[in-house]
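One chain, chain A, appears in both complexes that follow, with chain B as partner in the first and chain C in the second.
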Partner chain A sequence: MPADTIAIRDKPTLKQIETLVARLRRRQVIGAQETALETALLLRQIVSVARFNSIEQLTQLIKSIARRLIDANPKEFAVGNIVRRVLRLIREETAAALGPAEEPDNTSPFSVPNTPAFPNPPDLNSSRPQLRATNSLATFMIMGNQRVQPPNETRQSSRESTGLDHHGEDHFQGWDGEKKPLAITVKPLLIQAIQEVIDELETVYENVSKTARDHIYDGEIILTLSYSRTIEQFLKSAARDRHFTVIVAETAPSYSGRQMATALSSANIPTVLIPDSSIYPLMPRITKVILGAHAILANGGLFTQVGCALAAAAARAHSTPVVVCAGQYKLTPAWNLYHEYAALDFAGPEKVISFEEGGGGERRGAPLEVINPIYDYVKPELVDVLITNDGDHPPPYVYRLIKETYDDEDMQL
Partner chain B sequence: MPPKDTQRDKGSEEEEVLQAVVLADSFNTRFKPLTLNTPRCLLPICNVPMLLWTFESLALAGVEQIFVFCNAHSDQVKEAIQTSRFSQPSSGVHIVPIVSPRAMSVGDAMRELDEKQLISSDFILVAGDVVSNLQIDEVVKEHKERRKKNKDAIMTMVVKRSGAFHRTRPVGDASVFVLDPTTSECVHYESILAEPAKRSIMLPREVMEKHHEVEVRNDLIDCSIDVCSVDVPVLFSENFDYQDLRRDFVHGVLTSDLLGKSIYCHVVEQGYAARVRDTKSYAAVSKDIISRWTFPLVPGDNLPGGDEYEYRRGNRYISKDNVMLSRTCTIGNDTIIGPQARIHDNVRIENSVIGPRCSIGPGTIIRDSFIWDDAYVDAGCTIEGSIIGQAVHIGTGSTIKKGCLIAEGTKLGPKAVIGEFKRISREKPPADEEEEEGEEEIAEGVVNGMAHAKRGHFSRMPLALELGEQAEAYVWPDTVGADVGADGRSSSAARDADSEDEETEAWGNLKHLRLGMYQADISLSWTEYGFDPYFSDTDSSDDEEESSLASPASGVLLTPSGDSIPDFSLAPRSSANFRSECVSSLERALAEGHTVDDAAIELKTLRMASNVTMTEVRDVVIEFVVGLVKGEPGSAAQKNNISPVVERWAGLITNLMASERVEMLLLLQVRFKTCARLPNYLAAFKFFLYAFYNEDIVEASSIRAWLKDPRSREAMGKASQANMEACWKQGAHTLAVIEADEEDSEEEDEEDDSE
Partner chain C sequence: MTKAERREEQEKQRAAKAAVQPEGGSSGGKGGGQQQKKTPQPGTQAAESNAPRTPQVAHSSRGAPDASSVPTEKRANEPAGPPPVPTHSRLFPHLRLPKANILASASVAGTSKAEIHTSILRLALQFSSFKITGGNARCIATLTALKSVINSYTTPQGTTLSRHLMTYLSPQISHLVAARPMSASMGNAIRWLKYEVSVLSIDLPEQNAKDFLCERIDTYIRDRITVADRVIEDHAMEKIRDGDVVLTYARSSSVERVIKAAHEAKIQFSVVVVDSGPLFEGKSLIATLPPDLSVTYVLLPSLSPILPTVSLCLFGAHSLLANGALYSRAGTASVAMMARERNIPVLVCCETYKFSEKVWGDGVTHNELAPTTSASAPVPTVSLEHINLLYDLTPASYITAVITEVGLIPPSSVPTVLFRQGVTAAQGL
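Moving on to the complex of A and B:
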């Protein structure tokens, strides 16, 4: 808290932070896309008003605010994911701005080995502080990779002698000499970078559905659940080239499947709405199951709307392919440490049973316990492919994507 | 007040600042002795002060400005507001505490609100102990829309559909709402007390004339959330006798033709809102929070206090802050374990809330209980269905049975045995409590000494109460289970009098509000409870006033049974004073020949000033009128004197009695008994009755109802059974005469008025 008040003196921004914290806590902002967008907008605002002398200060500031946002609703993973994205961009941009002299230095040891499954190495070659001694799975994987480890090790030690802080200070002094504060030089670049993230969030549906026609063929019968704008867009874009039928399960108790069904049928896609109980018996007729995701976890498992675990398990029993469509911002460096059923979050019983019946009078026998989970956990084995705006990937590959998307030091915010 | 000006400026700048008024005081003492040192709104529910739940509920609805009226322990309330996260400038909510030591009721608070001119537009009025996840702003919007069309729609009450027997619906403090289903206008309101059981309500005839269709709803929880227009405080100022928001204000507005205002209800189907009215609803609301009806306001998500909890299967909430759970302890369903609590070996906790920093000793069993902050429970105790206050120390091997309230700082045990429904505090109960209950003895334990509680007390109930050797505690007089009839508490007292006074709460009713008290224990047949709205189409009477009477012949009729037992116990304190003033006022009126209306107004003012019940006023008037009749008791002179006197005062009597004719007759009866020293005097009763009838003070039907009323034949107050019986017989005789008269006169009209 003091950290933000020192660095941010702009009252509206402070209020904006509080408002988002409160809204997250009160669940007035829900859903991955909405929270991601709100977070990105807030970060843009913070970067534009914050006062900082070094990049380290800025990242610390962002992290402290991020922690508050995450604590407000730890179940919205997109908040943390966007923060990680932005932090990484900040490091990249400043490194680029601070002088091209550094760049070749950093590039070679850190470039990730090209694997066949990795067609287009993303801009990892830009300089970024790397691989402190964090005990994440990602580090472990890298350590296990003989090709990367030795240079990494040496680099790490040399890095530690200079250190990022030291590194940053050097430059700051350099800039000082020119009487140009770091903040002023870098800020426009950073804002620009965050703006790109925002633009990407706004176009995520189009980008996910770019490859829709490659995944859906004529005459397919597709099962989907719940309402997801990604899937709606995906199916609509596929419908331009293909003729297929969609079966939508109504997805009790939120019944968001109904919304999905009406949205699809109004787009002239043949749609059938079924109760959830028909998912299993209908599965033999279904050629593909398309699911949305709330978060894609590091092991390739998913947090999805409730009901998806049932559909995925039924699909596995009938060997029906399961396709998951989700934006890249849902990639989450986290694992499901809970039970598989009803792992994450529980809503109130109101949607399941009326207050009148469920609240119970006194002395009416044993208390009625109502469980209303919001999310399901879908194991990675049950998913065949993940379609993101960053290409299609199999679930076991997610850890790699996460490593490429976020900096290791940000894994724990 | 510095905030005043700034607020007004703000109000003019931004038109739509949503304001709320929180009444932090409940103006009753149902939580005593827990509220001895803590204001009720700061008592924790699910480990968070109730006031914070209310603030969060309001913040959820987008309220920007909250005025908090506090009375008792206002410094604590202020401090709580200051330390809460809502007082941070960036929280988006501006909270202004208003200390009003004068306010003794909701009405007083509203009048003060009007005086201070703090309210600029429609506002939300809530009690300081409401838990809700409603979007109240939508109700406000609805209210404003309605106001645009109809300026007289001054208030919207938020009610939740729940079913008549829902645990959250207070049995002793429920309400029946009569709604117009098309507009959801509330056309009639009746508060329902559990005791005396109300089997019927009366609906004014006009209601049926104005509305084609009405719904009588006995399944609604009154959430104590009202959206009020600015006129509401003004109305309170104009009617200075309004005390209670529901019983006086709503009832007054709905029954008054003069005001011409209307009140609407918003029936909530989705979402949760309930008020902690008493210890029983405290348990119910806690349970609702634990079973997540208040989602997202639940521990682990958006707990107003900000503590973090881990939610585990079976509605178990374990704080993330250094809880020590022994490996061998059993945490049952529906349980909250607060921050830094220490639960030792072999403890069993079920369906309970354990507060922050509590310590529960090995082998203790806790069921259906609420243990508040810093309590220390030693090994081998059993606690069931009770509330254990802050920093209570319970020694080894103690047993606490259901329904107990143990106040802050009390020490009990070791080996204490506390029976059901005991109230125990560290401080001595206030003197008047003892006095009132008379015979009940105060058990007293002294530190470091043998508990030298009075032997008699213990020998009477050897196992019911044992405070333990190192106890520092006083047992409060038993109120529950006291014989209601003998006690003389009455519902009319509860209704008429200011609700701030403990003594005005009907004990019989209060026991329904106690924690752990189930219907089965009270042995009421609840199948009979409910409504049989019998609407007959007979058009026997066009007289408006009569239609609201309890007469079997009138249109909408639901006979009152036990609706209003008059208060025959003559309150010892201010009443003597009041009586003499009343009598002198009446004498003045007699001497100076005032009109009866003037006399009535004077009496009403006197009643306000000395804070007595309407019943008492009636009693004085009846006594006065009876006393006016001169002449030798039983003589012809006296008989002749009766009718002029009654004629002279008929207006006043009618004015005061309003619709409670049966009660009046009972009073008359009792007065006769107590006044009459000579048996002859009794004989005058029938002449009085006849005179009353002739002056249209009573109808034949009221006399009939009185005769049927079992109370008219019982011994009451100082009147002996025999005397009552004598009177009753006279009454029966008079009625026969009257009926004979009526039949004569009505033969021409061909109207049959007999049942």
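Moving on to the complex of A and C:
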């Protein structure tokens, strides 16, 4: 808290932070997209009112707020993802504003920092420039961190060149030669960058559905589970060009599949609503399984609504392709190797079984345990295609996407 | 849906049923009366929602597939209110719902109602409304009903019982089949009964023959079902050890017996009951399990998170096919698949009289539909239909062993058992 109050003196913004923390804790913000959007809007507000003397201060401030948001609902990964994304953009924008003049060595896209792990052959740059220009596997490995490094180095070098005064303030040489505080100069750029993230979040469904017709052919029978706005838009967009039937599993205990079936059938897409037990016997007839995701993990695995693991396994047993549609903001630098309870989040028993039948924890006076997990973990090897608003990707490539989207130093917020 | 709305709907259904019942005549009154008694049960309301179906739809069992193939646009143009709920699936026209007004249809099938025995009429009603479910229960109920049919049978002049009885029984059986397709257990039992009738001596006096047949039926129920279940109990109990977590799906009478017997034998284990729509039979299982047994209830989609704690899967069977595939309650295949993936042993409790000579490759070719029971499910429209499959087919590769009264056998040994049984039957045993 003290860190916040020092940097933010704007009362409404402080209140806005408190409100979002409270709403996250009370699970009043539902769905990854909504959470991501709210987080991005809050970050824009914070950046616009925050007082900071260096980018380091700003990132520390954002991180401290992000930690509070994540603690409020640790199962909602979108918060952390958006924060990481914004942090990266902040560094990039600052580097772009400060960097090029001072760091001529780093302007080449293939310049590589000298790291002990991957020593740069000294002759590579000078004697064989044509080789440097191609993406050979050898350079690919080293390139891994090159997008991360420049901001750090620019920051350090900018401190060296512009000089740190004794109050620890960064100064930026403006176009008119005057020295202005860093915050005033970069703020508009940062707000513009965050605005781009917000715009992207608002159009995520359209962008995911962009390639829908390329993934679905006429006469297909598609299985989907639960309710996902991404999938609804995706199928509706595909239905403009293709005729297909959608089989929706009810997905007990939330029965959100019913909502999906109503939404699709009202758009005149032939829809079949089935109980979850009918997924396996109908699988031979199903040509494609389309799933939504709660989070896409670094190994390409997914946190999904409960039931998807079963459908994906049944699809694999029948060699039916599994397609996952999700916004890019669901890419999460996390792993799930040991938790069978997926995201370790549970809902109450009332939807599983009525109170009289045992939902109250009792069956005829004897104890009854009712388990109602919210998320499933789908292994990466069960997924064939990953459709995001950023293009189509294979699951094993996700770790690269994560490296490209977030900075290494933000993996732990 | 509020409680008041639900009650209102229930009243409407009751009224609709009352409208149907007078047609059933005096014979139907008995079945109806029993139903009324059961109404307060929570499960029955679900089955009843199926009741108010227009007779015209149910009657056209032949014509309906054609109706379902009518293009949807053409139907949408019809102004006459909402389209009638189809009894057949559009996607799978060969699948059908059980007949709700089976009493009314008894009069149109070309046979007069008088010919159908009261006990059969009642049983058909209980079958079609899912009041009696499960292979064993349906088989015992059918044989018991047939016993009373045989008892009230008198041989007409100029023929003998062994030659004429089957022609009398056939319409009774087809009435049952019209209510709901015959289960494999019923099929096997009826085939056996036909054989028993055909080998009856012509010289046997009528009453003696009837007594003999009833005794044979009792023996069949005792040997093939009751005693077989007891033997299965003993075999299965050996596979449950202290500290085990036994997973079962929906409700199977033999698995229920195994769990109870193992609990009485003071084996310390816990039970996970996995359940799913359309019937949610697991709810009735957890209500009957002993109170001091630790029970966990999960729905099918939540299966994968709980599987790591499970050490054994026990399933019941509707039928075991000659290729070793298990035809059982829809959802069994999914559970078996997930269990097999984690190398959890999958055991199937199946009496040998449920073994079938059929060889099927998939679970949709032969299947049944269940009515949608939930009040909050969206109403079927032109572009929305419900398919609630009742059964699925578990490939033999997912099954570790089959527990039968002849011991633990691999699923591939089903044809061997069938062959041996054929031999013993031919020897007149």
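In this text, the second predicted complex is superposed on the first by the 321 of 413 C-alpha atoms of A that agree within 3 Å, B and C clash if a C-alpha of one lies under 4 Å from a C-alpha of the other, contacts with A are read in each partner's own complex, and residues count from 1 in each chain.
Everything that follows uses one rule, which is that a contact is a pair of C-beta atoms (placed from the backbone, for glycine too) under 8 Å apart; a residue touches a chain by one contact, two chains touch by 3 or more.
If you're wondering where the values come from, they're calculated on a predicted model, not measured in any experiment.
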Examine A:A314 and indicate which partner it touches, taking first as chain B and second as chain C; both and neither are also allowed.
second
Contacts of A:V370 with chain B and chain C, given as first, second, both or neither
both
Regarding the shared-chain residue A:G348, is it in contact with chain B (first), chain C (second), both, or neither?
first
Looking at A:P270, would you say it contacts chain B, chain C, both, or neither? Reply first, second, both or neither.
second
Mind working out whether A:L282 is in touch with chain B, chain C, both or neither, as first, second, both or neither?
second
Looking at A:A252, would you say it contacts chain B, chain C, both, or neither? Reply first, second, both or neither.
second
In the superposed arrangement, does chain B or chain C reach more residues of chain A?
C
Could you look at A:R240 and tell me whether it touches chain B, chain C, both or neither (first, second, both, neither)?
neither
Once the structures are superposed on A, label A:R9 by its partner contacts, choosing first (chain B), second (chain C), both or neither.
neither
First (chain B), second (chain C), both or neither: which does A:K210 touch?
neither
What residues on chain A does chain C touch that chain B touches too?
342, 356-357, 363, 367, 369-372
List the residues on chain A that touch chain B in their complex, please.
14-15, 17-19, 22, 25-27, 71, 73, 339, 342, 346-350, 355-357, 359-363, 367, 369-372
Residues of chain A defined as touching chain C within the complex:
221, 225, 245, 247, 249-253, 255, 258, 261-262, 265, 268-282, 284-285, 306-307, 309-310, 313-314, 317, 340-342, 352-354, 356-358, 363-373, 376-377
List of chain B residues in touch with chain A within their complex
59-60, 88, 90-92, 160-163, 165-168, 219, 270-272, 288, 291-296, 298, 301-302, 308, 311, 313-315, 333-334, 351, 518-520
Complex contact set, residues of chain C against chain A
42, 72, 89-91, 276-278, 283, 286-287, 289-308, 329-331, 333-334, 337-338, 341, 362-364, 367, 372, 374, 376-378, 381, 383-389, 391-393
